[in-house]
């Protein structure tokens, strides 16, 4: 049975509804990430937000990107983050001390930024196409053409970048060797 | 090479119409200079023989000077004298200041006094300074002075005159401060130099004015220019008065007279030579030399006359009550110099120079005599501690008495002739007030000079028991005797017959341009006319002063004198304290001046430098303030970034729209 | 025709808001890992805008996704290094609270 | 041309003179610091040879038909037309000889006082000499600027390392003050060069003084660039109110530092006005002249007044320098023959006289380790020769005719008088003030009874040594020589002054 | 394709060198200098390749990579910076038991990124290159991972760096979206075509990009990370951080502002000018108050950012010499700043030592040559001839004067700031030469590599000061492309 073009009762299209839902989830989850007190839940909420974004990517026809989002972000980065949380949260961790003293001004400036973004990005003449319904799926071919065309160099370099990051990450995260030293902790530093 | 080129060029350019001086004329300068350099270099090793070279140099100079001065006075060098160019001193583009010497009757008159008194003072010093450790130094300075003074009177360029003017100032400074281990001479020397410099500022500016008008400082060119009417009106007044400033300083006229009494801190021969007979006359010489510019301005002449006659009476009033023998003479010198300026101011040029000559001799005599007195009483200068010395030092007494009579203006001694001419001409040229004041001063002079004689030589001795009073050696008494001769006779020699003597003949052509500008005619002297009456009046006044002085101070009249002074208490105190003029100077220049300088110093440290340091402080305070924003907390930093981002977004949106 | 989902602007506004939320988190949170998560939010906001622009602007079709893929990779690299640094400092300081890392200041 | 000139003309004599001290410094760097006396003698020898070379150069200056003799020009930074361009005329020749003379005198005068880090000291001093000579000989603006800055560093070290107790404050102040001025001058030099490039389309000659003179017509550029040049030079001279670094620097510097500071470094400012600021920007210079004349007169009078109440001997002489250097700017900005002649004479004479005074102060300090005037008194009775020499230089400083100080001051005043008699009248007052502060100082230090402080020094209070006399004698001889024959000097730089006056009147701008 | 590979050969060489360094360490684990030797050899090869490429402009990979004199210039400069860093670091690190292989490899990766920044033809490559340049920087900042200060600096550097990367990236995406192209030159064309007036999104992109770039070059008020990261890092690494990434960031700025955004110059010049003024002034004023020499140099590097920005503004006004000035300044700055940090490295012979001003007191007596070199670097930083620093300043100021307008005002601000800077640079000289030695003497490291690094930096500083002509010509050639 074909679904009606619009959502019953409210009269907005399915696409819009989906977008609003995913967008709403994204924003709500993000807000939880930045406002929530329990850092582990924050991590989980981050996964939720990123997942909702993946949904939006699908909406936009970027299935491949959605896949990457799930794989890389949710599968790798978020897990890495959770792992780091586990590593660094000692039992005495001051869970309550969530916010900086500048939280209120930060909220103000972030709101200001949000308003500026909304105004500038919303009122700009983008010369963009308007799609009826969902945008056409973006074929992997066009993406591949770009990735291995103009962005080939960037693509290759990203691999070097990841190599460098991995080497550095391993070095930094590895347990220090004996005898490694630095400046005395308590030295007057000015 | 260049030196010679300059010399040759200067010599060839000196196309003067005047006659050439004999080739040995520069020796007048070279001899004393050589004497100075020689003595300064090795005099210390010569010990008691240090005087030989300087003395010889001056005696030789005297001879040369006479060989030039006498013909000059007699008119044998031509009406306008003779000159010779030496070298270019300062050259700036087309403007050059040449060094050259010029001798005419006016120079001759000065040479006569300067070299004669100078030579005698040198001789006198051999005795007077014989026990001084700075013997050689003294003679070196004296020769330096002689060089400077001769340069002053010989130079044919006003800038060289100015240079010499400063050099005599230097010599005077060195000689006043000769006893440098004592405090007072140093102070007095400094005071003399600085006070002179006050006048010299005017002099220097006057010279610049002359350069601006005439484009040269060559004296003959300037005088010819003035004669041709190139200088008149306010410019003439200003320039003449500026030059007069220099004269006021050097000749210690009011209000720059303060240095001369203090200058008596120097050795007495110095007082005699520099501060009585020669250097102080430089101002008179300068005004006389520059008579045309002065004559071109009535106002300037009036100022000269007024300052002169005021100084005459002002100084005389102080001389009344001074007790230091040399100070009395110093104030007397001031007074007599005032006479000369008064004469110059009324246009009595020749009498002014005449008085300069006679005064040079008898005042030199009086000073040397006072030195002999001081020598006799072993350094005492206070007259209340003398008395009754007449018999103990008869030569000194006799010669000083001659000097006193001469200065008192009693005929027929030297002072009478010149003083009488000044007063007479002042009256005849219509300056009755100058004459009247001059008469009073004449009487006063006679009075205080006999007061000096009385306190020193007459009455009972008040000299301390321990002092062995003795007559001075021949080197000191001989100059006294030699000076007594002109003190007696030079007046008549140069000034008789009245208005027609040697001096008048010699100087008349020199002052002719000035007299033309003033409209003065040469008139014959009339014994049974106004001239005779005036002479009688002046002799009378001098006699009255003499009589009162002699009667009061002949014997010990202490009570009467005290009674008189008690009745005139305010005047006595004023006179005794030199009318508080030194205190006024001290207040204005020393105290307020120091305060001003301290204020400027405060300003420099706190305001000018304070601003500089303030910028530094501000900078580091700013730095300290700014480093506070570096809190160490990442979130604060990020907040700054976000704030910057927001600001920038707004800025671009504003710029873009 | 969809009023919202078919237009570019809503995606960009959503990205802007997400970016601001991330920025807020970065400014307000004390915990280093929370801040890292905030940065991830910001990067994802950028990604969203890249994809949206790439979809809606004809000249950019295809590029957006490629761009976004590269950004994800960069973000991964950054996260790797960042977490390693956080772990390293945690070893030294025994606290994940960034505002306590203020030994160096002024 | 004479044989000598021909011989020298074939050599890069100016480079030799400029760089010889630097080469000497390098050589000394190779000597072991354990042999200080060898280092001293080497430094003296180098500086003396430089002096002799500069004397050999002197006769040739007037034999060249062009404005600058012994010109050397080598391309250095071709992209901007910057060249290594040296040349000498009467003005710079005189200042070069003054520099080389004072340099060896200073080095000789440092034999005794400098016992600490001898090697570094003489290296600094020789580099300083190279810098100063380079400033006087450069005809390329960029090269000039570089030498100008090079001067700063060794002087900074000399004050800072071998100076008195408060040396660091003084040296920092000296450097910062000078740097503020000179950096703005750098901007002006670059702007000037660029305007030339923009006008001609080529960088060739954009930094060359000879090519630039008379070509800068933009009034705004003239005013701004002149302002920047003038500030740099005014600080160096130093003009009121930029003078306060000088007393501090003088007081803290070691003797030779004070000597070279007063003798040469202050002249860099006057020279800069004469050679660069005014010929390049004549119109602006004319416009600024009233201001600079006013500041000069203030400096003349104010410096003298402040000098009166100084309690430190060096500070007193430092303020007297402020006063005396006011004559230099006053004369230059009179823009007439007498003023400029006088200004140059004053520069040279101040170099001779004040150097002598600082040497004498240093000699006294060696014995007393004090410069407090109030502690002195009656010194002359112990050391008559010292007192006499001091008196000689002091009267030269007072401006006594017959000694060299007089001619310069008089010509400056005359030049000023021809422009504005009131200005000259005000400036002439310094004749009194100079006598006041110098004679009062002399009286307090040398006359009267011996002070307890000096008495306490006992036999340490010796008279001058032969070496000390050797440092003073050449200065004294020149003071007398140029006092009697200043026309020797005025003739020597007559061409320079004529050129200067031509450019100053905007002669080439039609 | 093979032509493309030849063109990007420097990139490949550097990358492979990094791998080779790691391999060499794996093969010869106990040879401290082996990785260094390999790295230096690789750099030599890279330099040779770059020199071969300095003839004319070549593009590769669809315009993503633009090789030529400009890249050659920057690549050689980068290689020199890395080489000097490699000379001065290993002994310092080894004394603290930190390995040099990872260090060398990380540096080489960063160089790889820097070359890419210089060569990139589009925004995406540029951004990736930038990240490749800065991420190793985070690692290096925290390289002394047992040192609380080092890790603290690294955390701050990393967090703020990522934050600003996100901001910059957002700007880049918006710019890309607004102009529908990633190519730098095409962006310029598009913006020119758009005419006057900023679209809101372009204005926003400009704000975001300016912020991001200003952060990377450490311009006030986006400089906060600099002092902390610099102070915390091991000293030779600070030397590298203050030079390498900063110069790279300026290349980024040239690429974005002077190529892509040049049509909008009228909009960003006032902003950048204000930032430049604030940067110079704050950097100098705060440096004035520092007593820790390292932190002082950190603030001073902020001030140098300001001077360099003057050149950017001048270039924005249309004076090509502005870029030339920046490029020349970069070389001078690299030499003298690396020299200064090499000096600091040398006086930190004792592990754990920090360098306070007072520690340097009297060093001139004990170690005259070292102190002399230090003075040379400091004088050069001050801008006193005849040193490289002087010509660098003069060049930038010349370009500003040429540009006129705001730039000439900046020139005045710059020289006044230079005078302030003289105060604190010379204060170090005062401590070195004019103070009596400190009670606790510093222990001076005397490793031969370090000495070589010092001498190379000093020779360069002096040579550029005496004969700047050659480099000026190279610069002019580099920007002609």
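A few notes on this one:
Letters A, B, C, D and E mark the chains as written, and numbering starts fresh at 1 in each.
Quick note on the criterion: contacts are C-beta pairs under 8 Å (C-beta built on N, C-alpha and C of every residue); 3 or more make two chains touch, one makes a residue touch a chain.
Quick caveat: nothing in here was measured; it's all calculated off a predicted structure.
Chains making contact with subunit B as well as with subunit C: A, E. Compared with subunit B, the chain whose C-alpha mean position is the greatest distance off is A.
Nearest to the common centre of all protein CA atoms is the CA centroid of chain D. Looking at which two chains touch through the most C-beta pairs, you get A-C.
Rounded to whole angstrom, the centroid-to-centroid distance between subunit B and subunit D, based on C-alpha atoms, equals 37 Å. Rounded to whole angstrom units, the spacing between the C-alpha centres of subunit A and subunit D is 70. Rounded to whole angstrom units, the spacing between the C-alpha centres of subunit C and subunit E is 26.
Subunit B has its Cα centroid 102 Å from the Cα centroid of subunit A. Residue positions of subunit A touching 2 or more other chains, listed in rising order: 100, 102, 106, 109-110, 113, 116-117, 120-121, 124, 126-127, 150-151, 154, 158, 161, 164-165, 168-169, 171-172, 176, 189-190.
In subunit C, the positions touching at least two other chains are 19, 22-23, 26-30, 32, 35-36, 49, 53, 57, 63, 67, 70, 74, 77-78, 81, 84-86, 88, 91, 98-99, 101, 103-106. Residues of subunit B in contact with at least two other chains: 627, 630, 632-636, 638-639, 642-643, 645, 649, 653.
Pairwise chain contacts present here: A-B, A-C, A-E, B-C, B-D, B-E, C-E, D-E [touch as defined].
Interface residues of subunit C, counted against subunit A in their complex, comprise 1-25, 27-34, 36-38, 40-41, 44, 47-49, 51-58, 61-70, 72-81, 83-88, 90-91, 94, 96-97, 99, 103-104, 106. On subunit E, the positions that touch subunit C within their shared complex are 124, 127-128, 131, 135, 138-139, 142, 145-149, 151-156, 158-159, 162-163, 165-167, 169-170, 173-174, 176-177, 180-182, 227-228, 231-232, 295. Partner subunit B is touched in their complex by these residues of subunit A: 100, 102, 105-106, 109-110, 112-113, 116, 120. Contact residues of subunit C toward subunit E in the complex are 19, 22-23, 26, 32, 35-36, 39, 42-43, 45-46, 49-50, 53, 57, 59-60, 63, 67, 70-71, 74, 77-78, 81-82, 84-86, 88-89, 91-93, 98, 101, 103-105.
By the touch criterion stated above, subunit B contacts subunit A in their complex at residues 633, 635-636, 639, 642-643, 645-646, 649-650, 653.
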